[in-house]
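Both of the next two complexes hold chain A, though its partner changes from chain B to chain C.
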Partner chain A sequence: MTIVTGKAEARRRLQSGRSGVLRKIWDHRADYAYVLPAIAVMLIVIAYPIYYTIELSFFKTPPGLQLRDKTFIGFDNYTAILTSEVFWKVTWNTLIWTLGSTLISFVLGFATALALHRAFIGRGVLRAILIIPWVISAVAASYIWKWIYHSDFGIIGAVLVGLGLADRPPNFIDSVSTVLPSLIVVNIWREFPFAMIMMMAGLQTVPEQLLRAAQVDGASAWQRFWHVTFPHLRNVSTVTILLLAVANFNSFIIPWIMTGGGPSNASHIWITHIYELAFGRQRWGVASAYSVLLFLILMTLGYFYVRALSGNERKEGSA
Partner chain B sequence: MTRITLGSAVLRGTVATALMASLMSTSALGAPPVDLSKWSPEYVRSIAGTQDFDAAADCAKVTPLDYKGRLTFWYQGVFEGDPDLLRQYYKDFFETFRKTYPNIQLEEQALTYNDLLDKFRTALLGNAAPMAVRLQILGGTEFASKGYLQPLKPEDVGYSTEDFWPGAMKAVTWEGVTYGIPTNNETMAFIWNADIFKRAGLDPDKAPATWDDVVKYSKQIHDKLGIAGYGLVARKNAGNTPYRFMPQLWAYGGGVFDEATANPTYEQVKLDSPQSKAALQASYDMYVRDKSVPVSALTNQQADNQPLFLAGQLGMMISHPSDYDVMLDLQKKATGADKDKAQTVIDNMRYGLIPTGPDGKRAVVFGGSNIHILKPEYVEGGKVDEPAAKAIICMWTSPEWSLKMAYAGSNPGNLNGFKTKWMKERLDNIKFLDVTTSMLPYGIPFPALPQAPEIMNIIVPDMLQNALTGAMTVDQAADDAAKKVRDLMGGL
Partner chain C sequence: MSTTAKTAPRGLSRRRMRVDGWRWAGRIFLVFMLLYTAVPMIWMLITSIKSGFAAMQFPPQWWPDEPTLASYEKLLDPQNSVGQDFLRFFWNSLFVSTVTTILSVIVAVPAAYAFSRFSFPGRNFLFFAVLLRNMFPAVIFLVPLFILMRLLGLMNTHGSLILTYLTFGLPLAIWLLKGFYDNIPVQLEQAARIDGATRFQAFILIVMPLSAPGIIATAIYSFIGAWNEYIYAYTFLTKNDQLTLPVGIQRFFSENTTDFPGLMAASLMMSVPVVVLFLVLQRYFVRALTEGAVKH
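So, the complex of A and B:
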């Protein structure tokens, strides 16, 4: 008769568990082999830069010296960032930029998707036209809008002056108070087609029978939308908003090309500020610390994005 | 067309003499190929076309013409504000180099002024830099001080140090060692539209004498005609901004440091001095008080001022003689009534010396570019083909090509370029060239410090923007900028 002690039992379970994991890996070795190259590439191009950025964020990198001459300063870069006036100004700009662009793009995209959901003559053409801003290169769009907004001879200014609605062209991007809203308008113009496409796809999944049944039961258009359509779009809406938010947090091209963060830092958002710190002023350590903070925020958004996707899958699985 | 008498003005005044001495202050100034003490438009005309040079033969002594090798090369190339003529010369240069050195595999890449520094810094961090690079004058010291560049002096490619402007040689020297060779050097001039002056009640043939006059003229033009008077530029990270604001700052007696003196020490920050604040106040008066300059100045570059000027919507600006060619190019592309309008502006284009400050001080940025060879450890592949690099450097800095590559907008880095037949041809073809050439003795180089790019491209434009947007008062903006420079110099 064998007496099994608690410790021995735990060891056996652990070994069995380990061999179970190893066995599973072995059983799926072909699957792992398929994804191995992708994992290797990710480790090189994603994991290592992340590690290096985190490491660099703890070093002082004087602009007059090479990067290899950096000195360890612990959390000083983080302290310097969080206590600097510019950080809070840029953070405020980033919040306005991200929330403004994301929410308005989503609402506008959703409204357009609803309008285009019903069949009417020319719907296909209209859809194609509305997608144009999204497929245009952001660089080209930024230059075009810069000219449209030009404070001396922009098209908007010329039209307003020509119609007698203004004495001189309005100042869109050369004023600290109007520059950020003006850039947000450009960003919304570029992004709302993405939200529109996502929501149009979502609308295809709303069961027609349910809408008809609700209509037969006397539900108004608003009630049908709120009680039938919208619940079906909750997950796609969450995913769309999260994707827009992540893209906007990371948005660089429009503010950099149109204003370079100016005038007087009024349109600097995190990503443009990080770029200027690193490549313009060569404060690699401070720029890395900024990047780590941005990374943490984006990871949090990413977590919610994955959760939203998993929720979708679970619901589809149980349906 | 006005003919401006400039010869006597060039050598006038003690300040100009001091600046001249600064440009000439080098031990190597034994026997330069041209006599800088006689510098005037007349003197430049007298030496033009007096000597022949053979670039291929000279460079064959440095690198044999049948040399087989490979060279990666980045350079600050032409951009949207340059005339077509310059594009053609760049094309011709690379074609000629390939014909002269058929066995050197050349991989060149052109980058614009505003992008080059950022991209080059990034490439250096990844040890992926090119073997040779042509940088703006502002960049040489930064990279030399960090140890990225190999020592390189004119003698290494068959020329002598005296063949180049002494002031330009200072910009490629760090702690007594030379790390590059000047390719071109330039000073800008003051440009105005005589027709606009006339219609605004100003003397059409007389440029504003002082910067205070510029402020006054700008307001008068704006008030009478409703158009912009002076082409202010205050964009950040754009070379155009310091090139236009620093002459104003120096003329008022200010400076970032003491760079406008004969022997600068760069020890004391002067951006918050009363003189510097007076210069900033002049910009403030034009932009905020009088609203007499383009509103778009904060996001503009000189390339944006050019169409405004051609459209007759801008009265005055600071630029190169190449702007005349740019205007001709733009006029050719115009149609209908616009074409005639543009021609009227071109006919009324005038060039003069940059105005002085209240004390008669005249100054202009001594600009240009330098060419360098990288150390192998920072180059892609870890190898530098030195003979190939020296071959292209020899050709670019030769009297012939240093002139041709600066044909429309600048001047040859190699002083012998002034003696070539192409200089003579250039003086006949490029209008107003003698005016900008006359400004050369007033040229002040940017501080030869590793921190200079950040000061000129970020801190100075930030100061302007802070004052002009009302984010800070003039005093606060100047004090803030001075503090930033002190922090930067202190290693923060």
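So, the complex of A and C:
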């Protein structure tokens, strides 16, 4: 290797664009060793399944996963899905479920974080109790709430009857009109602590002096919140809402265990529906096509997610 | 804006009242949230110490007339079949979660360190690829993974679960740890290297001890994730003696549809390990979770 001065080296790099990239990769070859195990594991378990799902979505598949007998049918699975009535029903449910759970969890979590921001005796204990539902397994949570909603011996029904608000315990999860809101309540129970943790951390970054200055200038509590606190939390809020939205869009356990999608599809959301198509009715091709559609929707959400995250990084870089 | 001396005190007192109003609203709200959070958990506890007959009454017994630990005794007794099953599910969950946790840390630590410190080409792309994984639901991967596991001969083994949990836990584990490494000053490593340490030595001797809280947090996260996972366990395992707790409890319930005290006791015991783990180490955990999204 010839000895070159720093300037000459830089000029040489400028001149050769493409070999420069290769050279940089070569220069950093040892760095890749650190990432390799992670990438290798993920390639096997993620890249291959994605490819396989896309392939299967263009085939008519026999039940029982004898996949050698599959026949190519082009976009038929997709047209079958988009013209079916169940699809629109399930999509509507998913929309209500995702929006309802995400927004209410966020608002409740944010409000709790604000209420917990000022120090008081027992704050740590209260915070710990409020976080517990988030740690408990969704399966346990589903059974706890199934018992609470029980149409004969449920505690809510008993309280309502005891207060004279109902003649007999209502059927929360066996009735078409109440099942989805009832499940959303369970989901929020498990999820608002996450929003709370995120927003509590965010609140700590709001400069105290600014709030004090606003107070001196005569801003009311609401004005201080709206003009000082909230703008500071825009990034954290975006990330939190996106993470919640993705988690809710992808949730499965609560509807699956509590109702299995019933009664008459009233609580089926995309994921439970796909699961039933694949493993219940063994229609692998249709289920795969559903997955690909889901994948496209999530890619769109993912685009915003990455943009929100890289917005954070850029800010940090310039600070 | 200027206020005359006369109106200032009145304005102040009105403001103080307004502030008090907000504070009271906050307190009432917190009480409401506490009830929302705690009542279901307390009801689980109360139900679990009832007899099967006492649970099935209307109006319900708010506190059982004859509290009994029969459900717990039944579940923890290795002599009868219910206890045998439950203890085996518990052990399976413990085994799968522990192995997953150890492997996650081993794989995630170097990866997170590299993402934090090195600027190799493709770093950003890889990092976002890692994060994007977070977006995809388990169900998308379920059918092909089911086939993949059959191909690899891993159906009905704990290996299938460990491999899957490891992969799906990694993105967040790497993200959490990267937040910690970003906060450790590079100068510390540089000082060590000037003193003659290799990059690897600097990593092991300087960075690893400093990032211990991050590693603990990542480990808890992996453990809780694996302990609570349901879909893959439900799909990949069919043999009764292989099941993990979430699936095991579901199976138990589908066979004993009216044994709510037993179900509540089982749910409670399934929750205890993760809740205790979380409460003991929550400081690290909360910090790590927010480190990535909130920059100090």
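Quick note on the criterion: the second predicted complex is superposed on the first by the 301 of 319 C-alpha atoms of A that agree within 3 Å, B and C clash if a C-alpha of one lies under 4 Å from a C-alpha of the other, contacts with A are read in each partner's own complex, and residues count from 1 in each chain.
Basically, contacts are C-beta pairs under 8 Å (C-beta built on N, C-alpha and C of every residue); 3 or more make two chains touch, one makes a residue touch a chain.
This is a predicted model, so every value here is computed, not measured.
Of the two partner chains placed by superposition, A:Ile269 touches none, neither chain B nor chain C. In the superposed model, A:Ile129 makes contact with chain C only, not with chain B.
Contacts of A:Leu293 after superposition on the shared chain: neither chain B nor chain C is touched.
Contacts of A:Asp174 after superposition: chain B is touched, whereas chain C is not reached. Judged by the number of chain A residues each one touches, C leads among chain B and chain C.
In the superposed pair of complexes, A:Ile148 makes contact with chain C only, with no contact to chain B.
Touch criterion met: A:Phe279 reaches chain B and chain C at once.
In the superposition on chain A, A:Ile241 contacts neither chain B nor chain C. By the touch criterion defined above, A:Leu183 lies against neither chain B nor chain C after alignment on the C-alpha atoms of chain A.
Of the two partner chains placed by superposition, A:Val228 touches none, neither chain B nor chain C. Shared contact residues of chain A, touching chain B in one structure and chain C in the other: 65, 67, 150, 152-153, 169, 279.
Within the complex formed with chain A, the chain B residues making contact are 118, 121-122, 125, 145-148, 228, 234-237, 294-299, 307-308, 311, 313, 450-451, 454, 457-458, 461-462, 465-466, 468-472, 488, 491. On the chain A side of its complex with chain C, the touching residues are 21, 24-25, 28, 31-35, 37-39, 41-42, 44-46, 48-50, 52-53, 56, 65, 67, 108, 111-112, 114-116, 118, 126, 128-133, 135-141, 143-145, 147-148, 150, 152-153, 155, 158, 161-162, 169, 189, 192-193, 197-198, 200-202, 204-205, 217-218, 220-221, 235-236, 239-240, 243, 246, 249-250, 252-253, 257, 271, 274-275, 278-279, 284, 287-288, 291, 294-295, 298-299, 301-302, 305-306, 309-310, 312, 315-316, 319. Put simply, chain C touches chain A in their complex at residues 1, 3, 11, 15, 18-19, 22-23, 26-27, 29-30, 33-34, 36-41, 43-44, 47, 55-60, 106-108, 110-111, 113-115, 118-122, 126, 128, 130-148, 163-164, 166-168, 170, 174, 224, 227-228, 230-231, 235, 245-246, 249-250, 253, 260, 263-264, 267-268, 270-271, 274-275, 278-279, 282, 286-287, 289-290, 293-296. Across the interface of their complex, chain B is touched by residues 62-67, 146, 150-153, 168-169, 171, 173-176, 258-266, 276, 279-282 of chain A.
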